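The two complexes that follow have subunit A in common; it is paired with subunit B in the first and with subunit C in the second.
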Partner chain A sequence: MPDYTLKIRRFDPESGRPAYWQEFGVDLPEERSVLDAILRAKDEQDGSLSIRCSCQAAICGSCGVRINGMSRLACNTKLSEAAEDGRNGAIVVEPMGNMPVIKDLIVDMDAVHWKKVQRVVPWLLPEGDPPAREYIVDPESMIDVTQSMACIHCGACVSACLSLEVDPEFIGPAALAKAYRFVGDPRDAHTEDRLLDLAEDPHGIYDCTHCFACVEVCPKDVAPMDQIMRLRRRATADYGIKDQNNGYGHEKAFTDLIEKYGTLSEAQLLPKSYGDGSLIRAQVKPAALKELGAKFPTVIRGLTSGKVSPKTALLHHKLQDQDQIRRIYEEVESKEDRLELNLYIVGESGGEEEGATSEGGQEE
Partner chain B sequence: MPSHDVLVIGAGLAGQRAALAAAEDGASVGILSKVHPVRSHSNAAQGGINAALNPEDSWESHAYDTVKGSDYLGDQDAIEIMCKEAPNEILTLEHLGVTFHRNEEGRLGTRAFGGASAARTYYVADITGQAILHVLYEQLMRHDEVYRYEEFFTTTLVLDDDGHVAGCVARQMRDGTMELFAAKTVILAAGGNGQIYNPTTNALICTGDGIAMAYRIGGPLMDMEMIQYHPTTLAGNGLLITEGARGEGAHLYNAQGERFMENYAPNKLELASRDVVSRAEQTEINEGRGFPDGTVALDITKVPRKRIHEALREIVNVGRDFAGVDITREPIHIKPGNHYTMGGVKTDKDGRTEIPGLYAAGEVACVSVHGGNRLGANSLLDTLVFGRRSGKHAAHHARNHQMPEPPHSHVDDEEAKLRELIGRERNGRRVSEIRTELGRTMDEHVAVFRDEGGLLEAAQTVQRLKEEAKSVAIDDKGNVFNQDLFGAIELGFMLDNAECAIVGALERKESRGAQFRTDYPERNDDEWLKHIDLTLDGDRPNVSYSEVTITQWEPEERKY
Partner chain C sequence: MKLAYWPGCVSRGFTPELHGAMAAVAPKLGLELVELDRANCCGAGVIAEHNQELVDALNARTFALAQKVDGAAGMMNICSTCQGAQSECQERLDADAAYRTHINEHLEPEGLEYEKGGAWWNKNFLWLLVEEIGLDVLRERVVRPLDGLRVGPFYGCYIVRPTRRLGFDFYPDRDRYLEQVIEACGAEPVAYAGSHKCCGFPVITLNRETSLRQAGRHMADALDAGADCVVTPCPLCHLNLDLQQPEAQPFVERDLGMPVLHLPQLVGLALGLDVKALGLHRHVVKTDAVQDKVAALAAAA
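Moving on to the complex of A and B:
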């Protein structure tokens, strides 16, 4: 049986000592989990080693930790994998980030995660009295929100989120995914209020920087960032809700430019984002002016260093096989509705490719 | 001192449903849980929840299946109530927001489950328990009149001088403070005892605390020998492959490639009752037709990929992460494994126990709707129906009862006990050693097949372990999240549960439901169509019997 070394960050609030590292050697087969190893160390070496855990099957969401720097569940991380990424032969286990540590690997999820969940009014608000039988809804809509329902509130995304690190007030990936669960639910009668609320909150849906960290770490393929993007799309496309940071305009300008040129024309991005292409219209918007002003030094630097010439900046060249890109656009736009594949919906053929990659969710 | 009309211990489905029902009835409610409520073990239920909601289906058919499934040990009055109230319970959940699977018309859609004569299992992909648990928790977040005590570990129930329940003592896990709770009524909803087995499909928190706490203050337990082995669990770690897999069309094969269920249940095949399928598998394995790792094969590859992804995703993950098998492409090796506690704290159909003011609901309780064998997807239903009924009746009872004022000495006594435990020098075994030996012993002797010799051996081992447990010492001397301490308390609870299960199994000299005695291989209605009640007497369970309620279904031979 392989011998693994765990290097665990310990903290005992009653000792008056700062956090410290401690190593434990554990003999276990390679397919066993990091949680098994921690529990083995706890059972046989030091019973005071503390970690929340219960199901041992990636269901209860108790055992979120950082393993070799990555936020994940200890119970579904195999020892062999963890050892490969380990440092100096040791598997490094720390408490999750962005939340205060209570003891060893236990963090205060109430103070951060659950507070944020409570913030999104996390209960269904239907209109009027319920029907005599069930609400009749589109079957796909139920499957659609089930992806957010699959969240086990483990906190891994909260721990990994870069925006949260910068802005602790950010509502954050898990709570926003929870918000989508109601926005996407046709039984809820407050879709617009919810979206308005989340769009106007400066720490709401536009506070996400699109960094993918939450998608990468989520053990249940909830893909919180994708849920946030859906919230944004619904807010702007379905309700014309104005986006404080102009995220939707930015996204549209982005895709329009790619459609036209195949690559990104930086010079046109900002005016287009705000003014839909017209520099004049963009410039009357105070937010755009402010941002243009703020970007001015960068533009000047680019020009003086020769990295950008006024000509290339304004007359962006097209890619040679731009036709192919056009075709992708036509294909996507010819689909009825917004086709939102997700975790529980794979294409008719049942192949892995569709569904699997579309929401960045599913692995292998 | 926190005081409530209704104090609920446990925040799984049964506890949360009870708390909401009591609050709706105007009671002041507190709900205590040793883990955050959404971490409760109810979240592991993948398959679904039964109800005869389709116009073509009927509650009578559901009730008959349940009675037959129970091997006639279920109380038929309680089963009738459960099956009649099931449709409403599903609709209530749907209205609260559970994202149940829909059929093409957008109405609630079903899947097939074992032991059922109609497809009447409602589900949310394969996260049914989690989805319901989270939706109920949404309601708890919404109703702040229900006071939540999250990460509070209850160590003992408290009675007043008249033997009426008066509250409980609990330890706040975060800082170790001991708190006395006063309550006019207490609802136990602390779940099952799967951890007395190793391996088990149950989570680490399922240590039978509620069963032991009721037993210790004199509440009778019932049918503790009835412990379900689920037919499809992974060999090494006991993880569950949901019955939904067989419901969706998966087959079982032995190592010779035979679909052996044809020999045991020619009509229902893989969808016979769990006890029947588990025994069939164990027989194949024992008679040498299993795989070398002591398993048989479950083949899900027959189910279309699209359907697997839509309805069985969780077990795709389980196969991949915990067995290294892609279940959409190859069969997976499985065996019967400990799964469910049919027995528990004896209650009537309103959740009342024999101790005034004390109620129990969910897996901790034995109403009994499951009798000798629980049908798949009937347990979530049990938690909800009897959770709600307990909540409602407890709220009523509280209205005519004064708030008790239990003396502070209760906390002092508990605190003294725990201080002694924390301060103990190590000279005996570790908690984990005793726990492992207990689990192995139960899995060896109190499993699918039992006999007197094995049971006596198990009884002896458990007596020894109880002695050893008296001198266990722990490493953690602190107050903050002293999990070491909770482990030691749970060990005590588990040993009481195990002792009662073995006494029940020795007592019942027949084969019925989950209890198969190779030395008494027949069901014997003349002598054993009765419940076995166990009451604490000194430090041993005292055996007595009670009637099984029969309304309209006379016992007959069980064929699938």
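Moving on to the complex of A and C:
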């Protein structure tokens, strides 16, 4: 039987000692899980070693930890696989990140994860009295929310989130994915209120840095970041919510500039983003002027370093075939519904058969 | 090797030194670059956020233009963000024939078509260096090994996550290539916490504090790890790490002064190119310390 070394980060607040590393040698077959190894070490070597776990089948979401720096379920990670990525021959196991540690590998999910989930009102708010029998919904309209329903609240995405690392107030990937589960539900009557709330919050949907860390670690393919992008799409395209965080302005400025020029003009992107997508509003809106003023030193540095010439800053050329780009915009944007291919439903190697496309959102 | 070359918007806008450096490095590596000057912006995640069909059509158009370049081995980009945004669209286009046909209808009036093909690829210069040129060939061409230069890698999110979309099943070391290239150039890779994290650029206009805290923290970590400079294959990371570095300093409450090199600049130095030709003087954070080290190498040799 192969011999594995676990290097576990230990911490017991009641001991008065700081956190420390401890190694455990465990003999188990390679197909067994890291959780099996931790429980074996607990059984045979140190009964005080603490981890939260239950189903051991990647369903309950209890045993989230960091293995070799990656947020994962311990029960869902094979020893052979973990040993391959290990450091100096040891499988490194730490508690999840972005949450306070209660003891050893147990983090305080209540203090961070559950508090944030509660923040997004994670229940259905239908209009009026419930129907006499069940709610009837068109199956197609549920395609997009299916993915966010798969969440098992393990906290792996919260642990890996790079925005949370610098802004603990960020609502975070798990809670925002949950928010989309209700925003995308046709039975919910408060879609716009929910979006307005999440768009205006400085730590809401526009505080996500689009780093894919949550997508990478989610054991259930919820792709929380994709759900956050769906929330942004709904907020801007369907409800035209002009938020104080420039989320609307940034998206509008960017897409408009590509429609006009084909490539990006960074010099125009900034002022337009602050002006809800408009250069004129950027010059008359007090908040926009303030933000542009704060950018002034950066602009000067760009110019004096020779990085940016006044010519590139002021003149941006259209692509030779810009009329083709405009035509594509026109063809796509004149449609009543947005066409989206949902790979969660199709599967990435969905082959050549027809896949699941959904028509997301309503034009208002 | 002939390549359809997508330089991206930023290398021709706010990081012109990157475009120049790539042009200078290409002939040294035997690359013939056919610039896709009719191609459009990749959308940088923002158009995808706005409308998926639109961004897929726009990138399918770029792929179709690249596929029409006669004799090209594939398509090369020099931006992690372009790589990620384009790979995302390619994943959808390749997954579903009906969807691909539909997207191609947008290209038909222009006489273009994106063809799904097993052999066709779109690779960042970093991937191309390791997988198509090869580290051995790179080592052979190095005329000025960057002995003693300590370089922190900075990848950019879009080129390392999600691994499943970005071909890690086939190329599992793609998150270690920068270290390998740094080594092949004779320099010393420096490990630090931020190498695979987010530079913060995508939220610089949405949440300045989150953005600059990220940029500042990573540069401070690189400094603490003893790096002389960091190197990145992503011009958007460069904007937040270099252009914004003076603004990021207050968020970590310290002076940073960490030079941030574009990947072709580092490779160019090892290939013996002049610092001016590589645009090292056109950075916000002065690259003097790097230039001095390189000059000292030349004097020693």
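We take it that the second predicted complex is superposed on the first by the 245 of 364 C-alpha atoms of A that agree within 3 Å, B and C clash if a C-alpha of one lies under 4 Å from a C-alpha of the other, contacts with A are read in each partner's own complex, and residues count from 1 in each chain.
Going forward, contacts are C-beta pairs under 8 Å (C-beta built on N, C-alpha and C of every residue); 3 or more make two chains touch, one makes a residue touch a chain.
Predicted, not measured: the structure shown is a model, and the values here were computed from it.
After overlaying the two complexes on the shared chain, residue contacts for A:206 are found with subunit C alone; subunit B is out of touch. By the touch criterion defined above, A:56 lies against subunit B but remains apart from subunit C after alignment on the C-alpha atoms of chain A. Of the two partner chains, subunit B is the only one that A:130 touches; subunit C does not reach it.
When the shared chain is aligned, subunit B comes close enough to touch A:31, but subunit C does not. Subunit A uses residues 343, 346-350, 355 to touch subunit B in one structure and subunit C in the other.
On the side of subunit A, the complex with subunit C involves touching residues 162-163, 165-167, 170, 202-203, 206-213, 215-216, 229, 232-233, 236-237, 245-247, 249-251, 254-255, 258, 262-267, 269-270, 273-274, 294, 297-298, 301-302, 305-309, 312, 319-321, 324-325, 327-329, 331-333, 338-341, 343, 346-350, 352-355, 357.
Within the complex, the subunit B residues that touch subunit A are 35-36, 38-41, 43-44, 91, 94-97, 99-109, 124-125, 127, 130-131, 134-135, 138-139, 141-142, 150, 174, 203-205, 237, 239, 304-306, 309-310, 313-314, 317-318, 320-322, 324, 430-432, 474-484, 487. Listing the residues of subunit C that touch subunit A in their complex gives 9-10, 12-17, 37-38, 40-41, 43-54, 56-58, 61, 84, 91-92, 95-99, 102, 106, 109-110, 157-158, 161-165, 197-198, 200, 202-203, 205-211, 213-214, 217, 243-244, 246-247, 281-284. Only residues 12-14, 31, 42-44, 46-48, 50, 52-62, 76, 78, 102-104, 106, 109-110, 117-118, 122-124, 126, 130, 133-139, 142-143, 145-146, 149-150, 152-153, 181-182, 185, 187, 343-351, 355, 364 of subunit A touch subunit B when the two sit together in their complex.
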